[in-house]
Amino acid sequence: MSQHPAAIVESTDIGPGTRIWAFVHILAGARIGADCNICDYVFIESDVVVGDRVVIKSGVQLWDGVTLGNDVFVGPNVTFTNDPFPRSHHHQERVGRTTVKAGASIGANATILPGVTIGERAMVGAATVVTRDVPPDTIVVGNPARISGYVGAKPSVSALPRAVLTAPGAAPTSVRGVTLHRLPHAEDLRGQISFCEAERDIPFPVRRHFVIYGVPGENIRGEHAHRRLHQFLICVAGSVRAVADDGATREEFLLDDPTVGLHLPPMIWGVQYKYSPSAVLLVLASDYYDPTDYIRNYDEFVQLTAGER
Amino acid sequence: MSQHPAAIVESTDIGPGTRIWAFVHILAGARIGADCNICDYVFIESDVVVGDRVVIKSGVQLWDGVTLGNDVFVGPNVTFTNDPFPRSHHHQERVGRTTVKAGASIGANATILPGVTIGERAMVGAATVVTRDVPPDTIVVGNPARISGYVGAKPSVSALPRAVLTAPGAAPTSVRGVTLHRLPHAEDLRGQISFCEAERDIPFPVRRHFVIYGVPGENIRGEHAHRRLHQFLICVAGSVRAVADDGATREEFLLDDPTVGLHLPPMIWGVQYKYSPSAVLLVLASDYYDPTDYIRNYDEFVQLTAGER
Amino acid sequence: MSQHPAAIVESTDIGPGTRIWAFVHILAGARIGADCNICDYVFIESDVVVGDRVVIKSGVQLWDGVTLGNDVFVGPNVTFTNDPFPRSHHHQERVGRTTVKAGASIGANATILPGVTIGERAMVGAATVVTRDVPPDTIVVGNPARISGYVGAKPSVSALPRAVLTAPGAAPTSVRGVTLHRLPHAEDLRGQISFCEAERDIPFPVRRHFVIYGVPGENIRGEHAHRRLHQFLICVAGSVRAVADDGATREEFLLDDPTVGLHLPPMIWGVQYKYSPSAVLLVLASDYYDPTDYIRNYDEFVQLTAGER
Amino acid sequence: MSQHPAAIVESTDIGPGTRIWAFVHILAGARIGADCNICDYVFIESDVVVGDRVVIKSGVQLWDGVTLGNDVFVGPNVTFTNDPFPRSHHHQERVGRTTVKAGASIGANATILPGVTIGERAMVGAATVVTRDVPPDTIVVGNPARISGYVGAKPSVSALPRAVLTAPGAAPTSVRGVTLHRLPHAEDLRGQISFCEAERDIPFPVRRHFVIYGVPGENIRGEHAHRRLHQFLICVAGSVRAVADDGATREEFLLDDPTVGLHLPPMIWGVQYKYSPSAVLLVLASDYYDPTDYIRNYDEFVQLTAGER
Amino acid sequence: MSQHPAAIVESTDIGPGTRIWAFVHILAGARIGADCNICDYVFIESDVVVGDRVVIKSGVQLWDGVTLGNDVFVGPNVTFTNDPFPRSHHHQERVGRTTVKAGASIGANATILPGVTIGERAMVGAATVVTRDVPPDTIVVGNPARISGYVGAKPSVSALPRAVLTAPGAAPTSVRGVTLHRLPHAEDLRGQISFCEAERDIPFPVRRHFVIYGVPGENIRGEHAHRRLHQFLICVAGSVRAVADDGATREEFLLDDPTVGLHLPPMIWGVQYKYSPSAVLLVLASDYYDPTDYIRNYDEFVQLTAGER
Amino acid sequence: MSQHPAAIVESTDIGPGTRIWAFVHILAGARIGADCNICDYVFIESDVVVGDRVVIKSGVQLWDGVTLGNDVFVGPNVTFTNDPFPRSHHHQERVGRTTVKAGASIGANATILPGVTIGERAMVGAATVVTRDVPPDTIVVGNPARISGYVGAKPSVSALPRAVLTAPGAAPTSVRGVTLHRLPHAEDLRGQISFCEAERDIPFPVRRHFVIYGVPGENIRGEHAHRRLHQFLICVAGSVRAVADDGATREEFLLDDPTVGLHLPPMIWGVQYKYSPSAVLLVLASDYYDPTDYIRNYDEFVQLTAGER
C-alpha cells in the first residue's frame, strides 16, 4: 500500500498494492482490497467493503452499506446514497445497502439510489441516475436509467431480412444451436396468416405456450437459461429484442415480423428487452412448467456451459 | 298468374301464383318462378332467372345476367348493373352476372355492382352500395358495403367478463361443445404474461398454430367448419368477433383479452370478423393441415349436423 | 283534379286542383290533398295520407304507413320504406309509420328508413340516408344523415372575435334579448383562468348549473325554450354551435372559448349541436329544475312569441 | 325512330335511329339526337337537349335544364335535379343547368346535383353523389364524389424506384419529352439535402418558382398545358400524383421523394391530384408568368398536338 | 463545536454541538447554527447562513447568497449556484440568492439553480435539477424538476369509485369538513349531463364560479386556504389531483369525473396539481372575490387551525 | 501566483496572477495560464492545458487530455471524463481529448463526455450532459444536451407578422443587408400557392436550389458564411429558426410560413436550427456550388467583416 501524506487513513484493512492519493479520507473499519486506486477527495465510511483491483476516481464517497466487487470502476463525482428519504437528524434504522458486482463500471457523475444492485460487468453511462437493479452485462443510460444495450453483443440487426431466407426454413446464428426460422406465410387481400407445425416447422413438440405483452419499454423479461426446455419465440405484434448467449458468444436479434421465429435450445441464456409499446411475444415451449429447469444465475450458467466449449 | 292490364308481359315462363302489377314490363325469355310478387314499374330483361316466392318492389330493373334465388326480397328502387365500365354503344362482350342466393334481402335503393354474389339469407341494408361478394347470413351496410353483423346471432357481448370467471377454467356457451376459457395469467410491474398448457388448459394436444393479423376491418376470416380438428382461439392483441354456430344455435363472442380462449370443437361453423386494426389472432390446432377436413359450404354443414340435433 | 289518361287512379279521396301525371298509380283508400302535383311513375298505396300543396316527383313510391304534411316536397327517386327487416313473404305485423311534417323537403334519391319523423321545414339533402328523426328546421346530409345546418340561421361566425370585445362586458346580438359576454380572464405561465360573478358578470343569480359532455358529434342537445328561466352558456372545452331564435330571427354562434358566455333569456328557442369530440358545455341557470317551464314544441313557441313581435 | 306503343312522345324533335321503349314519356319541346336508346320509365321534360348515340337506362328523369352531349351513357335510376333548395310550390326563378359532356358515363343510381358540369369522357361511379364539376377524363366515386383515377392513364407506379436510377440523372417516360430525374442528394446524421442546378440538373434556366400546399385531398391543381413554358416538379413533402399527357399517351406518376423531379416540357397537358395532407409541391419554371401561354381547354390541346403526332 | 484537524475554519460564528469533518473549508463571515454536521470536502463562503441541526454531506459548496433553514438535509455532491449566466471574470453585480426553508431535504447530486426557494419540508429527489421555486411539502424529481407528490399525503386514489356512492349524495373524507359528492347525472344516446343545484346538491349558495384550464402539467394552482369562502371543485374534462389539508390531516383526491364534486369548506388548505393536458376545473364559490379572505402562508394557516384541533 | 498552504502544487508552469485555493492538487506537467482562479478541491492531472483568466470552481477534476481556452468558466462539480468505456485497470491506449474553446462557460454539475469540443463563447447549462460537440455561441441544456438558443441573438419572433407586411414586398432587419420578404400568394378552395420570380421578388438570378429535410430536431444546418453567394430561404413545410449575423449584430427569425423568404446576402454568417419534425427548407442560391466560396470559421468571418463596420 502506498499513501499520499495528505491522505487520512484510519482503516487498517487495506490490501497490498493499493494506492491512496491526496485528501482521501478512509474511516476505521472500512475493508479495501489489493491493487486498488483511490483518487483524491474520496471519502470511505466504516461499513464499506471494496474488492481487489477497484478504481475509485475523485469526488466519490462510499457511505455505510456500499459494497464494491472486484475490478469495479467508479468514475469521478459518482454519487452513492444510503437513505431513500433523508431528513436531517432523523434516525435511520438501517441503511440501504448498495452492491456493485464484479467487473461493473459506473460512469462519471452518475447517481446511485439506495438499495440497488448493479450486476456483473454492467456499464452505467455518465450522468445516469440508477433507480433500480441493473442486470448483468447491460448498458444503462438516462434519468432514470434504462437499458440501451448489452455488453459484448453483436450489433443488433433485423432478425432475418426477407432477402436472405425467402422460403420457409431455418438459418444458423453465431450462437451454438440457436436458429432463426422463416415460417410458412400466406397473404391475400383479406389479411395475413403465418403458421407453423410442431415437429415440422418447429423442431420440437409443443406442450405449452405463453404470451407476453404490456411490457413497459424499459423492462426486460427472460434473463435465464433452461436445462432441458426448448423455446421458440415469435413476436406477433410490435417488436422486441432478444439476446441469445451460449456462455461464449452472444448475439442480439430484432424480432419484428410474425413470420420469423427464434429457436432457443436448452443451455442458452436468453434475455428479451426493448419491447415496443404494442409488442406481443408468443413463446412455444417443449414441456410443461418446471421451476427446477431454470438457471437464473449467469455465473452458474457460464460454469455449466464451460465443459461444452 | 295474375297480371294487371297495364303490364306488358312478353315472357311465357312465369310460375303459378305469381302476381304482376301495373306498368311492369317483362321481356321474352325471362324465367319467373311461382308465387312471386312483381310490383309496379319493374322491368325484367330476357337473360334473367327469378326463383319462387320472390318479392320485387317498384322501380327495380333486372338486367341480363341477374339471377335471384328462391325467397329473395328486392326493395324499392334497388338498382342492378351488368357492366363495370359502361360506355354508350360500346359492345359489351359478356355481361357481369349477379347472383342473389336464396332467402337474401336487398334493402331499398341499394346499388348492386356487376358480378357480385349475395349469399344465402344475407341482408343488404337500405341505400347500401354492394361492391363485392356478401357472405351468407351477414348484414351489410354503407357505401361501400361492410359487414355490420350476423343474421340471427345472439347479441355480441364481452367474451368473458372478469367478474364471471375470475380463476382459470372453462365455461360453457349456448353453442354445443363450444367453451370459453380463462387462461392462467400473471402480472407484475414488468408486464403481463398469460400461458396455457396443452391437454391441461387446452383440451387437446397442439400440433399446429397459426397467427392471423393485418386483416382489413371489413374482412372476414374463417367461415368454415372442421370435421375432426379442434381449434383454440386467443386474441393476443386488439379485438376480433368470433361467431360459433352448431347448425342450430349461433353465438357471437368479442375476443379482446389475451387471457381468454375460445374452444371450437369439430363440427362447429366458425366465422371471425370485425378485426380491429391491430388485431392478432392466435389459433392453436389439434392436428396438421388437412384440406379434406374442411367443410366450406354452410348448407352442407347444416345437413351434416342435422343428425346430431 | 286533373288526371293524365295513362294514370291509374283507384282512390276517390283526392283534393281539388291536384294534378296527376302519366303512369301514376294510386290505390283505393289513399287520401290526397288539394293542389298537389303527382309526377310520372309515382305509386301510392292505400294506407297513405298526403296533405295539400305537396309535390311528389317521379319515381317515388308511398308505401302503407307514410304520411306527408302540407307543402311537402319529395324529390325524384326518393325511396320510402316501411319494413325494418324485410323478408320475402314474411308477414309484417305492423308497418313502420313514416311522417314528413309540413313544409319539409326531401332531396332527390334520398332514402327514408321506416319509422322516422322528418320535422317541420327540415331539408333532407340529395342522396341522404335518413336513419332517425330529423328535427324541425334542420338541414341533414350524408349516409347516414347528419345535421349540417339550420334553415334560415345566419351564417355561423366565431362567437366573439377578440378584436371586437377585448375587455370584459356584453354585446347584443340580432336575436331579441340574447347577449354575448366576454368574461374576466387571467393568464400566466401557470395556465389560464376565467371567472364570473353572478348578478355581476352574469345578469341573474345562479341556482343551478349543469355540464354537458360526451355528446356524439351528430347529436343535438337543447331544442326547447324556457318560459321564465335564464341560461348562460359557456363552452369550457372544445366547441359547440348554439342557435338562438326569438321566433322571428335566428342566429348561430360558435362557442369555442371559455371566456365567452351566451345569455339566453326566457322565451328564446335554443339549440346546441355540432359538439366537438371533447366539448364540455357549462350551463348556469337562474332557477331550479321545473319541467313546467319548458316549451318543447316549436310551433307553440312561435305562437307564444307572436304577441311580443 | 322506333317507339313502343306504351310510350308517350309529345316531342317532334327526335333524331333518326333513336329507339324509345315502353312507358317512356317525352314532353313537347325536348330535343333528342339520332341513334339514341331511351329505356322504359324514362321521363324527359321540355327544356332538355340530348345528343346523338346517347343511352338512357330505365328510371331516369331529365328535368328542364339538362343537356347531354353525344355518346353519353346514363345508368339506371340515375337521378338528376335542377333546384338546389327545393320547396313545394315555391317559384324557382331559373333552373340549375346541368351539362354532361360528350362521351361521359354516369353509373347506376348516381345523383347529380343541380348546376354541375361533367367533363368529356368522365366516368361517374355507381351510387356516386356529384356535388361539383367533374373534370374531363376523371373517374369519380363516393358521397360526395372524389376523383379516384384518370381514364386511360397507365397504372400509377412509384415515380422512380431507387433501384432503377440510383445515380443522379434522367430517364425517359412513355410521354413525349417528359423525363423523370434523380437529383443529387446527400444524407448524414444531421438530415438530408437534395439539390439541383439550373441548366445542369434541370434542363432549362429557372426564372420563377412556386410552391403549392394546403390542397384538400379531393382537389386537383394544374389541368392545363403551356405553349412555351418548361416546368420541373418536385414534391418536397408528402406525395402527389401527376398525370402527363401528350395528346396521345398519358402516364401517371407518384411523386413522393424530394430527390425526384418530373420535367414537363411545353405542349404537355399536366394534372396534379391526390395531394396527401402534408404535400408540398415545388414547381420550377423557365419563364415569368404569362397568361397567354396557357392552354386550358383539353380539346383545343389535342387539336394543337395532333400535328406533332 | 468539534473540528477535525484537517479542516480549515475561518468563521467564528458557529453554533454549539456542530461537528466539522476533515477537509472542510469555511470562510470568515459564514454563520453556522448549532448541532450541525458538516462532512468532508464541504466548502462554505462568507455570505452564507446555515440554521440549526442542518446536515451537509460531502462534496457540497455553499456559495455566497445561500441560506439554509433549520433541520435542512443536503445530500452528497449537491451543487448550488449563484450566477444564472456565469462568465469568467465578469463582474456579477449581485448574486442570485437561494433559500432552503426549514425541514427541507435535497437529494444526492441534485443541482439548484440560482435564485430559487425550496419550501418547508419539501423533498428534492436525487439528481434533480431545480430550476424554479419548490412549494412547501412537495416532492420534486427530474430534469427539470416536476412535482411528483406531496409529503405525507395519503396515497392518491380515484376520488369516488362508482361502486361506493352510486346514487347522488355526499361522503366524508379523512379531512375535517371536506366531503366528496356524487352529482345527479343522466346519460342517453345523445351524450351525458351532470347537474347540481345550489343549496341542494351543493351545500352553499353560488355567487361566483371560475374555470381553470390550459395548465401545464408541471404546475400547481391553488395552494392557499380561505377564511370564510366555500369552494366546490368539479373536474369537467381531463383530470387533476386535489390535495386537501386541515392542518393536521392531508388527503389527495384524483378528480377525473364530471359527476364528482369536492367540497372545500373554509379553513382548509387546498392545492391542485398534475393537471392532465386537457383538464378543465370548474370551481363554484360561495361569495364574490375578496383578497382579504385568502391565507397564502402555510405556517400561518397551521397556526390558525391549531385552536380547532 | 498565490497559493493556499493546504494546496499541493507539483507543476511549475503556472502563470502570474493565478490564485490557487485550499485542497487543490495540481500534478507536475500541467500548464496553467495567468490570472486564473482555481477553487478548493480542484484536481488537475499532468496532460492538461489551461488558458488565461480561467475560473475553475470547486469539485472539478481536469483529467489528462483536457484543454481549456482563455476566459473559460467551469462551474462547481462539473465532471470531465477521458475514457468512453472505462473498465478497472484496462489499459487505455489514448485518452479522449476534450477541448473547451475561449470564452465558453460550463454550468454547475454538468458532465462532459470524452472527446467533445465546446465552441467559443458557448454556454452549457447547469446539469447538462454533453455528448457531442457544442457549436460556438450556442446555449445547450438537457440530458443529452440540445441547443436551446444562441448567445446574444435577439429574442426569436415570428418572422413577419401578417399585420406588418400584408402585401408582397421586403422589409429590412437589424442585420446588415438581410431582408425579410412577403411573397406573392394566392389561396382558393383548391389550396394555396406562393410564388416568386427571380430578379423580381428575389433580388438575384437563381442558378441553384436545394431542399433540406429530415433534420433531427437537435441538429443544426448551415453555420457558415458565403463570400459571394446570395441565398434566399423559404420554409415550405413545418418551421425552422434561422440566425443571421453580420459579425456585429445577430438576429433570429422563425420561418414557418411558405409566403415568407429570408434573403442572406454575401458575408452574412447563417445558422439554421430547431427544425420541426416535418420541416422542409427550400434554399434558392445565386450561383452554382463552389467550395471556395464558404467561410466555415466564425473567427475568420468576424475578422473579414471587421473592415466593413
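Order of writing sets the chain letters: A, B, C, D, E and F. Residues in each chain are counted from 1.
Assume contacts are C-beta pairs under 8 Å (C-beta built on N, C-alpha and C of every residue); 3 or more make two chains touch, one makes a residue touch a chain.
None of the values given here were measured: they were computed from a predicted structure.
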Common touching chains of chain E and chain C: none
Give a one-word verdict, same or different, on whether chain D and chain F use largely identical residue numbers at their interface, taking over half shared as same. same
Between chain A and chain F, what is the separation of their C-alpha centroids in Å? 38
Report the inter-centroid distance (CA atoms only) between chain A and chain D in whole Å. 62
Hey, what residues on chain E touch two or more of the other chains? 23, 41, 59, 77, 109, 143
So how do the chains connect up here, line, ring, star, complete, or something else (other)? other
Complete list of chain pairs which touch one another: A-B, A-E, A-F, B-C, B-D, C-D, C-E, D-F, E-F
Using the touch definition up top, name the residues of chain D that touch chain F in the complex. 187, 189-200, 206-216, 219-221, 234, 236-237, 258, 275, 278, 280, 282, 284, 288-289
Tell me, which parts of chain A touch chain F in their complex? 6, 21-23, 35, 39-41, 53-55, 57-59, 71-73, 75-77, 103, 105, 107-109, 123, 126-127, 142-143
Mind pulling up the chain E residues that touch chain F in the complex? 8, 23, 25, 41, 43, 59, 61, 63, 77, 79-81, 85-89, 109, 111, 113, 129, 143
